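Look at the two complexes coming up: chain A is in both, with chain B in one and chain C in the other.
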Partner chain A sequence: MGNAVDSLRQIYAELQAHRALPALAGTPLAWLEREREAALADWSARELPTRKDEAWKYTSLRDVAESEILDAAGADARTLSALEAAGLRPRSSGSRTAANLVFVNGRFVPQWSVFPETPGVHVLPLSAALRAEGAPVRSALTGLREIFASAAHKGAETPFAAMNASLFRDAALIVAEGSVELEAPVFLNFIHTGAFPGSGRLTASFPRVIVLAGARSSLRVIESHGGADGAGYLTAGVTDLHLGEGARLSHVRMQREGDESFHFGTTRSWQSRGSRLESLQISLGAKLSRQDLKVRLAEAGAEATVDGLYLTRGRQHADHHTAIEHAVGDTTSSQLYKGILGGESRAVFNGRVWIAKDAQRSSSSQLNNNLLLSPRAEVDTKPELEIFADDVKAGHGATIGRLDPEHLFYFKSRAIPEQMAVAMLAEGFAQDVVTRLSSEALREALLPPVRAAVRGLKVEAT
Partner chain B sequence: MGDKNQALDLERDYKYGFITDIETDTVPKGLSEDVIRLISAKKNEPEWMLEYRLKAYRHWLTMEEPAWANVRYPKIDFNDIIYYSAPKKRGEGPKSLDELDPELLRTFEKLGIPLSEQKRISGVAVDAVFDSVSVGTTHKETLEKHGVVFCSISEAMREHEGLVRKYLGSVVPVSDNFYAALNAAVFTDGSFVYIPKGVRCPIDLSTYFRINASETGQFERTLVVADEGSFVNYLEGCTAPQRDENQLHAAVVELIALDDAEIKYSTVQNWYTGDKEGRGGIYNFVTKRGKCQGRNSRISWTQVESGSAITWKYPSCLLLGENSQGAFYSVALTHDHMQADTGTKMIHVGRNTRSTIISKGISTGHSRNSYRGQVKIMPSAAGARNYSQCDSMLVGDSCSASTYPYIEVKNDTAVLEHEATTSRISEDQLFYLRSRGLDTEQAISILVQGFCKDVFKQLPLEFSVEAVKLIEMKLENSVG
Partner chain C sequence: MAQALLEIKNLSVAVEGKKVLKGLDLTIRPGEVHAIMGPNGSGKSTLSKVVAGHPAYEVTGGTLRYEVNFQMRDLLEMEPDVRAKEGVFLAFQYPIEVPGVSNSAFLRASFNSILKHQGAQELDEAQFAQFLEKKLEVVKMDPRFLDRPVNVGFSGGEKKRNEILQMAVLSPRLAFLDETDSGLDIDALRIVAEGVNRLRTKENGIVLVTHYQRLLDHIVPDFVHVLADGRIVETGDKSLARRLEERGYDWLVK
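== the complex of A and B ==
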């Protein structure tokens, strides 16, 4: 039986000894070094949280805590050919793609990536960006530092986000200059390899994404995480979204990790005046996954639509935590999280909306709908509101239930077999989080995989 | 206009803030096994009761004070509390109300509970608890005729030992939580109710609590058992005298409903809230839980929480019996520096169990008002149904309202709905009412009553009237 924190501490020490982490940049960056060390002090001083911690009340990390963690393999030729053989190499999604970056175990793979020059938009690995010159890259780094420094995001950081800050190898960097509009989505593919199942070992990767949407820019990003079934690995990703004045950003995080993996993702969005975020988190894979999404509506007129969809089966466990901070008045947030659960799976939703004192005329809504397909599935939902201003509109709702027997009867009376009826009803239930997306390109890219995943679900009799 | 403001100011200060001067029989400050033995001896308790208390005390020593609630207060020194205080008895003790200390009777008169009057006209039996020992019980004869037992829990321990021993701690075990364990160790009195099979209790039962004697924490224990097919309406109301030192009130209420039985438990809580700056006031840390043990049994909690500096209270239902039903209706009003963290737990175990939660929170001034609730559907609770609605209203920009609902579902045939909203009194609504000649205060009062209507209509008539008056009075003070 291993100890995750101990082995991660060891990985960090070895990487530092071989100067493998600073080598990321090619140049020593004192401030980045300090960030890595500060984050290390944060996560390495304590054990992983247990179910006694309120934020982890419904999600046990015991399987992770007792595993030995290994540094994931690099993106060498052998790893790549193995991935290719396993059919895990991501294919370009056709003509409607602005760029497609591929990272294996957190390292950039140039030979699998396509990032054509687009005026005003820079899509590149951070390692390359740091070597390059030019104003946008510099401002990207300043923005990055700002996000690092922001107290709101540091507050209740998960240990996995802190681990990422210490251990990330590379990052996908997307910078949209002011007033640039890009309709075609940018694809970011993160592929992970793992240890043999049953070995009690997990390999760890720390994917990182930074999006800087300049003033009045408009951008769409699909971030996808995947790996082979049966492989034991842990992903601790961090995505930072920085929205300038009036910027519009659609961000999708699609989680399709292998069935023996553990996935932890933190997404942070910092929003300026009049900016608008459209976020969608889709969780389909992993043995255990946890998404933490934090939004700071920092200036008036900022708006966030934060949606999610989770489909779980077998013994899968999917946990979604959201925290929306209305730091000032005249800000708007809306959340819709939907889940369909089968087998003995378990889903957790914890949505927190925080409206600061004097954040008058804030408006917030939140809804969590769950559909249970099996008598052994479990849902734990906790929509929280904390309100310190009086002139606000805030509400939340949650529902949990089965498919309506009358709806099923309607299908049956028209000679549609039950399994098909269930698939159609579940599809209808699931897809409206996708059809809510404003971009047609995103809807087109996401509907097929979502439909396929819903059709794979089975109803079990009570 | 000047006169009117003055009148409001007078009302603003706690109406029931006076201390009755009667000799009390107290034990020294602090808590130890010796104090518990002394309390038990003073009350002539059976040996098992002493053992029960000591077990609770020993467990309590191993527990930590809970810190998860959204409330802040200075640490309580549990050794700075007097754990026993009883009004001195004259000779053998009072045989009837006439024999009570006249001072005591006057206190009740001031509180608006003229026992003698009520006995004759109101049809409400009152088991008035003065500090920690029951001093007068009315309507005993009517109740006796129906076989209903309504007495102090000390008396019940002597007269109905079997029942008390069977049910005491069966809903809230000694190890349940920090304050429940403390209560089990040191409770000095409270009420006991037993409704026999098939009896519909002919009158509403009511207990008025009263904290008196400086520095006396009050640890009440209430046990209500409704046997098969019976029904009871139980009312509980509280007032407390004004003083600076914070006072701890850690009561435990246990309800048990057997097959087809129904218990309606209503509370109007108006303990002293502390002064304008948030000094003083009662700490109301109460454990209330009902067990729907039998098939088709029903328990409903209705509460109007308008007092106490801090309220920490979650009247809950354990729904074990098939088709059993639990309900929670609550209005919590906080003003000045009050803090309330209140809600309910509905634990569904039996098949086709149902629960309803309606919670209305109103925060004004610098107060914090939190709803914290849990709905849990166990795998065995096929066909369970829950509906929850938690609405908050904020008046002023220095208060806060929070909602923390925990919903855990382990059965796919369950249907749950949870809804929460937060809003304030809209200018439009106020303008509409004012344009029809109502002044601002009246308009606010009407709007708040509308907001609370779903809860108030659950209260028995006389309580409902009292609750509306109470909320009106409190709002007059807090809305500028």
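== the complex of A and C ==
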């Protein structure tokens, strides 16, 4: 039996000794190096949370805490050819792609990536950005510190977000200059490899994404995380989104990790005046996954649509924690999370909405709908509304249901076999989180994998 | 006499332990239209549901045999979707609303499932749209209803029309129409009845389950049966329906 925190502490010491972490001193990100140390002090001083912690009440980290953790392999030729052989190399998504960056175990893979020049939009790995001479990227990096300082979200970070701050090796950086509009999506593909099945060990990767959408810019990003089934690994990712005044950003985080993996993702969004975020989190894979999404509506007129979809089967566990902070008045948030659960799987949805004392005329809605395909599946859903202003609109609701036998009979009476009826009904239940995305390119990119995943679901007798 | 399409003998059915049908006999031959009338609770809807294969209805006795490739097969051995593939259709008294599934996708899945069963090439979206266009005329349905979720937000009349549209698409060999006339105004009744008449052929059998004579003014049946207390107590031609309208059921039900 290993100890996750001990082994991660050891990994950090070795990486420092070999100067294997990004060298940030003397760059505009020198301050991130100090954060690295501060984060280390935070996560390495304590054990992973247990179910006695309110934030982890329904999600047990025991399997992770008792694992020995190894540093994941680099993106070397052997790793890449193994991924290629396993069919895990991300395919280029066709002409409607602005750029496609591929990272293996958190390291950038230039030969699998395409990032053509697009005027006003800079898509590149942080490792390259630190050396970049171009004024826009440098000034964006220089401005990062101020943004991060002002973007402090309410509520504690997970230990996994702190680990990422200490241990990230590279990052995907997207900078959109002011007023630039890019309809074609930017794809960020993170692939993870793992330790041998049954070895009781996990390899760890720390993917990082930074998106800076300049004032009145318009941008779409699909961030995808995947790996091989059977491989034991842990992903602790952090994504930071910053929306300038009037910016429009669609961000999709697609989790399709291998079935023996543990995935932890933190997404933090900070929004200026009149900006609009459209966020969609899709969780399809991993043995256990936890997504934390924090949105800070920092200035008037900021709006966020925060949606999610989770499909779980077997003994999978998927946990989604959202925290929306209406820091000022005249801000709007709407959440729709949907889940379909089969087997003995479990899902958790915890939706926190915090409306500040003077945040009058704020509006917030939250809905969590679940469809159970098996009598042994279980959902824990909990809204957490903390409202300190008096002139606000805030609603929430949750449903947990099963397929209606009368629906199934209607389909069968029309010659549609049961398995297909289930697929069509499940698809009908799930797809609106995708179809209501504002961008056609995003809908086109996401509907096929979501449909394929839904069609793989099976109903079990109650 | 032509071979029977459906042959029901001494059928007994229970729902949640309660006996509803108690020894019912009925034979339908190709080209025939039968009307089944009877007081509330006599078992009319139960008969339709049993033929379609609803799982809540338990057959406790008797046989239901249906002709497939000139052989009489036990209908109870066939799953509901297999019955539908072999040409059995039920127009629901209360059509089911299905949020999230578009009417056209539902119809196409249904039609393709039958094509697949017959070993024919399935239709793609464009081919099916073309095929469907002609079927819409049968019930004078606005094409906009195709993009809507199945029956969601449809009026009572629109739902019934949608059932007949499904019938037009599937061309069943044996169709049970369960109170398709209830809740329809005169105009809708006429459209639905005309639709059914257009689908009436020498090969298929149609069973109209109804409370009212007025549907039978539009779709003229070959036989009228009176179902009471789980049995057919009287069979006649269309004039029987008129007598029932005038005299009620009391003279038949002791």
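Here is the rule we use: the second predicted complex is superposed on the first by the 443 of 462 C-alpha atoms of A that agree within 3 Å, B and C clash if a C-alpha of one lies under 4 Å from a C-alpha of the other, contacts with A are read in each partner's own complex, and residues count from 1 in each chain.
Just so it is clear, a residue touches a chain if its C-beta (ideal position, glycine included) is under 8 Å from a C-beta of that chain, and two chains touch if they have at least 3 such contacts.
Note that the structure is predicted; figures quoted are calculated from it, not measured.
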When chain B and chain C are modelled together on chain A, clash or fit: fit
Contacts of A:428 with chain B and chain C, given as first, second, both or neither: second
Touching partner for A:413 - first (chain B), second (chain C), both, neither: second
Touched partner set for A:111, first chain B, second chain C, both or neither: neither
Partner chain in contact with A:401 - chain B first, chain C second, else both or neither: first
Touching partner for A:385 - first (chain B), second (chain C), both, neither: first
Partner contacting more residues of chain A (chain B vs chain C): B
Chain B and chain C, minimum CA distance [Å, superposed model]: 17
Chain A residues within the chain B interface of the complex: 54, 58, 357-358, 360, 370, 372-402, 462
Parts of chain B lying in touch with chain A, wherever the complex brings them together: 68, 379, 382, 392, 394-424
Chain C residues within the chain A interface of the complex: 52-55, 79-81, 83-85, 89-90, 92, 95-96, 98-101, 105-106, 109-110, 113-114, 117, 149, 166, 170
Parts of chain A lying in touch with chain C, wherever the complex brings them together: 405-407, 409-418, 420, 424-425, 427-429, 431-432
